[in-house]
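First chain written, first letter: the chains are A, B and C, and each begins at residue 1.
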Amino acid sequence: MSNLLDLLVAGLATGAIYAIVAVGFTLLWQTSQTINFAQGEFVMLPAFLMLAVMHAGAPFWLAIIIGILLSMLLLGLGFKMLLVDPMLRHGVLPLAIATMALAIGIKEAVKQFFSAEASPFPSIVPAGDLSIFGRVVSLQSLGVLVLAILAVVGLTALLNRTSLGHQMQAVAQNPTVARIIGIPVERMILLTFLINAFLVALASLLITPIYLAKFSSGEVLGQAAFIAAIVGGFNQVRGAIAGGLLIGVVDNLAAAYISTQYRAAVPMILLVVVILFRPQGLLGRPEERTV
Amino acid sequence: MTAAAKYLRIALGVAAVLALILVPATFNRYGLYILSQWAVMSIAAMGLNLTLGYAGQVSLAQGAFVGIGAYAGAILTTQGFPLIAATAVAIVLCFAIGWLLGYPALRVQHHYLAFVTLAFSTLAFLVFRNESWLTGGIYGISNIPRPHVFGMATSKPLPFYYVCLGALAIVTAAVWWLIRSPWGRAFMALRENPVRALSLGVDTRRYTLMAFAIGSALGGVAGALYAPLTQYIDPVPFNLSLSLDLLMMVIVGGSGFFFGPFLGTMIAVLLPEWLRFTQGYYLMLYAIAVILLLIWSPSGILGILDRYLTQRRTRAASALRAVAKPKLEVAQ
Amino acid sequence: MSAVLEVKDVKKTFGGITAVDGVSFDVREGEILGLIGPNGCGKSTLFNCILGQLTPSAGEVKVDGRLVTGLRPSDLNRLGVSRTFQLLQVFPRLSVRENLILAGQEHQGSMLGRLFGPSDAGLTKAANEMIGFFKLDHLAPEPAGGLSYGQQKLLDAAMAFMGGPRLVLLDEPAGGVNPTMLGDLKDRLIAMNREKGATFVVIEHNMEFVMSLCSRVMVMAEGKVLALGQPDEIRANPAVVEAYLGH
């Protein structure tokens, strides 16, 4: 049983990070039909930006702030203006393929300008173990879990409790109506891109200390985020959160109880089952299909 | 089309074929390897173009079928079976698996279908990596022999290039014929308007499954040739990136255009080689080039050509009208 | 005269809403039956139930005495029932001729036989005749997406006739078609009926078009059949006048 508890905590911690990435992913899909195949690379990049700032001599806390701002500039504003805006009118598939090319571009740029080797990355949570009710839990897992939960709670509050959040949701659900009732649709869409960039930078900050900073680490992360988003519900923020947590836990349990070799298969099979039998996702609303 | 344009087309085609046969004789080992790779990947991209470009079904699994074909080819030829038999097995196997993969397409479309096929890609990769008893696991399969054709060994680069080119020619002819058959017409109807196609008697279920099965089988053919080309295979080349690369090749060349895959593959395989002088930057430049191209023309390179030709035709037509009008006025 | 199509007590409900509520009628060999009624009265849903796009919640549909409820649209089409849709439905990137060949090719032989048969499925002549019949000759090699709206409507109707159908269901063939083109369309439909003996059911809002084209007219309101009879009887029927003008 004790083993199970550890696995659950570790699973929830990675799951919470997946959830953050998946939420950003669904926000982009909802507000601008962007299936971002580069989302994993978006998580990989900010860690390198922060490392670069640190190499220039800045302290860690400053590097974090500059890193987050830089990713909002590049992965939020830049991504929207240079890639999504000109591609959007061409339809979903060409845009998705352009993001695949972008993923290659980011990976190669990091390999070229930084390093092809994995670099260690400082943790914002101190290393060590914590004893709770006589159980030893890794401080890092716990810290990541707490921070990720804070981020998710903060985001949910922003979306559900503030007028800004309501406007964003209105844009996500029906941009035409949102425009008619006077919501600045363009600004709201830009805002979702900035939020996505912030979320991936945060995820980067949380996950990189665990898996090291490496140019290729985006692939696994991106896939986990896709799966989380679809399993939870592509059109629901809370679906993406639930999906992220579920995938994190399933992934860890599968590695321990099924087979380490096929652990990656378990979320995939879950994905296929969900798509075939409940395509709107576990928590999603059905999307209307036009005949 | 005017007679002159038709002859120009035929002349261009003949020149391209002759160039593909004659020019490589002067190439070195590496050049031949790259060109053989182009021929092999063109076959896989043609298969995907059939599924995606003609029948409108998104697939992120073509790389997995190349892998299945490659393992079928490698396992059988190292056991002493001839390549032609191995290719036949690869075709049957990929056809059957592709048929099964088509079933989700009957229930879900577009991005959902993309993700189902993506999941299949990942699962196939895990099987390649983990089932060592069959695939050699991460150590792969080495010493894959190259075939004898009409009693001649093709182990040298140039003869084997001709094997790849010959296979490409056969596949090209077969696909050309398929696209022009009633099936090709039904595939396009499926892409343009499945509901209307169904009401016109088109059995959209069977054609959807067929489009997946045939496209996948061509992936298998490409794989069966890939194995003797590299003479060593391991799971790495057949991961998800290959499926994404093949998808990009089809889109960049021009999805739904017959010659799209040839061009797209040429750009994906050859452009990085030409950009090699830029050293580490070449894949980055390739990615940027693809994005710029897609922004300019989402229907790929042949899409640009197509638009240009259409424009010229309309302009020619209005010019004709402009000429005809004064004549009419004179006649009045 | 025998009935080509028999519809008995067909019902269709969506959740709690009853769109078609126990409709029964026959279509006789060689007639043109008009189907009219206010928007949302269930005409198109009825079509979809007859043609297998939707499965009726209750009731049965027979074609030439054979029970066809539950068959897929493609199977029904091959039994000789074809249709057009309310919204324009042609294949924009195929040429006019290719559109027509496609519309006919699935009616003969097996799928495998078609693969190895001639590339036009032996239908070029039939397609050219249909093109001539609908006066689209000069447009035959053009992509269908480049035609004007009215021309596409003509092509849409022509496609429904390619398989040599026993029965054709046309859903608002005249919608959005300009008056000149409308005359053409009516001529073609009447000619089809007289010369080739095709039987039609036509949904249409354009009263003049329906009354001059159809031999019988059926009126639907709120999912039920309100009246069925000769055009003159329908025009004089107080319940029909009420449904259209009343409330």
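Keep this in mind: contacts are C-beta pairs under 8 Å (C-beta built on N, C-alpha and C of every residue); 3 or more make two chains touch, one makes a residue touch a chain.
No experiment lies behind these values; they were computed from the predicted model shown.
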Relative to chain A, chain with the most remote C-alpha centre: C
Chain pair with the greatest number of C-beta contact pairs: A-B
Chain nearest the global centroid, as defined over all protein CA atoms shown: B
Approximate Å spacing (C-alpha centroids) for the pair chain A, chain C: 50
Chain B and chain C, separation of their C-alpha mean positions in angstrom: 40
Chain A and chain B, separation of their C-alpha mean positions in angstrom: 33
Residues of chain B touching at least two other chains: 195
Chain C residues counted as touching two or more neighbouring chains: 53
Residues within chain A bordering two or more other chains: 291
Chain A residues touching chain B - in the complex, by the definition given at the top: 35, 37, 83, 86-87, 90-94, 96-98, 100-102, 104-105, 108-109, 111-112, 219, 223, 226-227, 230, 234, 261-262, 264-265, 268-269, 271-272, 275-276, 279, 291
Chain A-facing residues of chain B, complex: 58, 104, 107-108, 110-112, 114-116, 118-120, 122-123, 126, 129-130, 195, 240-241, 244, 247-248, 251, 280-281, 283-284, 286-288, 290-291, 294-295, 298
Chain B to chain C touching residues, read off their complex: 178, 180-183, 185-186, 188-189, 192-193, 195-204, 206
Residue ranges of chain C touching chain B (in the complex, touch as defined): 51, 53, 72-74, 77-78, 82-83, 85, 89-94, 98, 101-103, 105-107, 111, 114-115, 117, 119-121, 159, 162-163
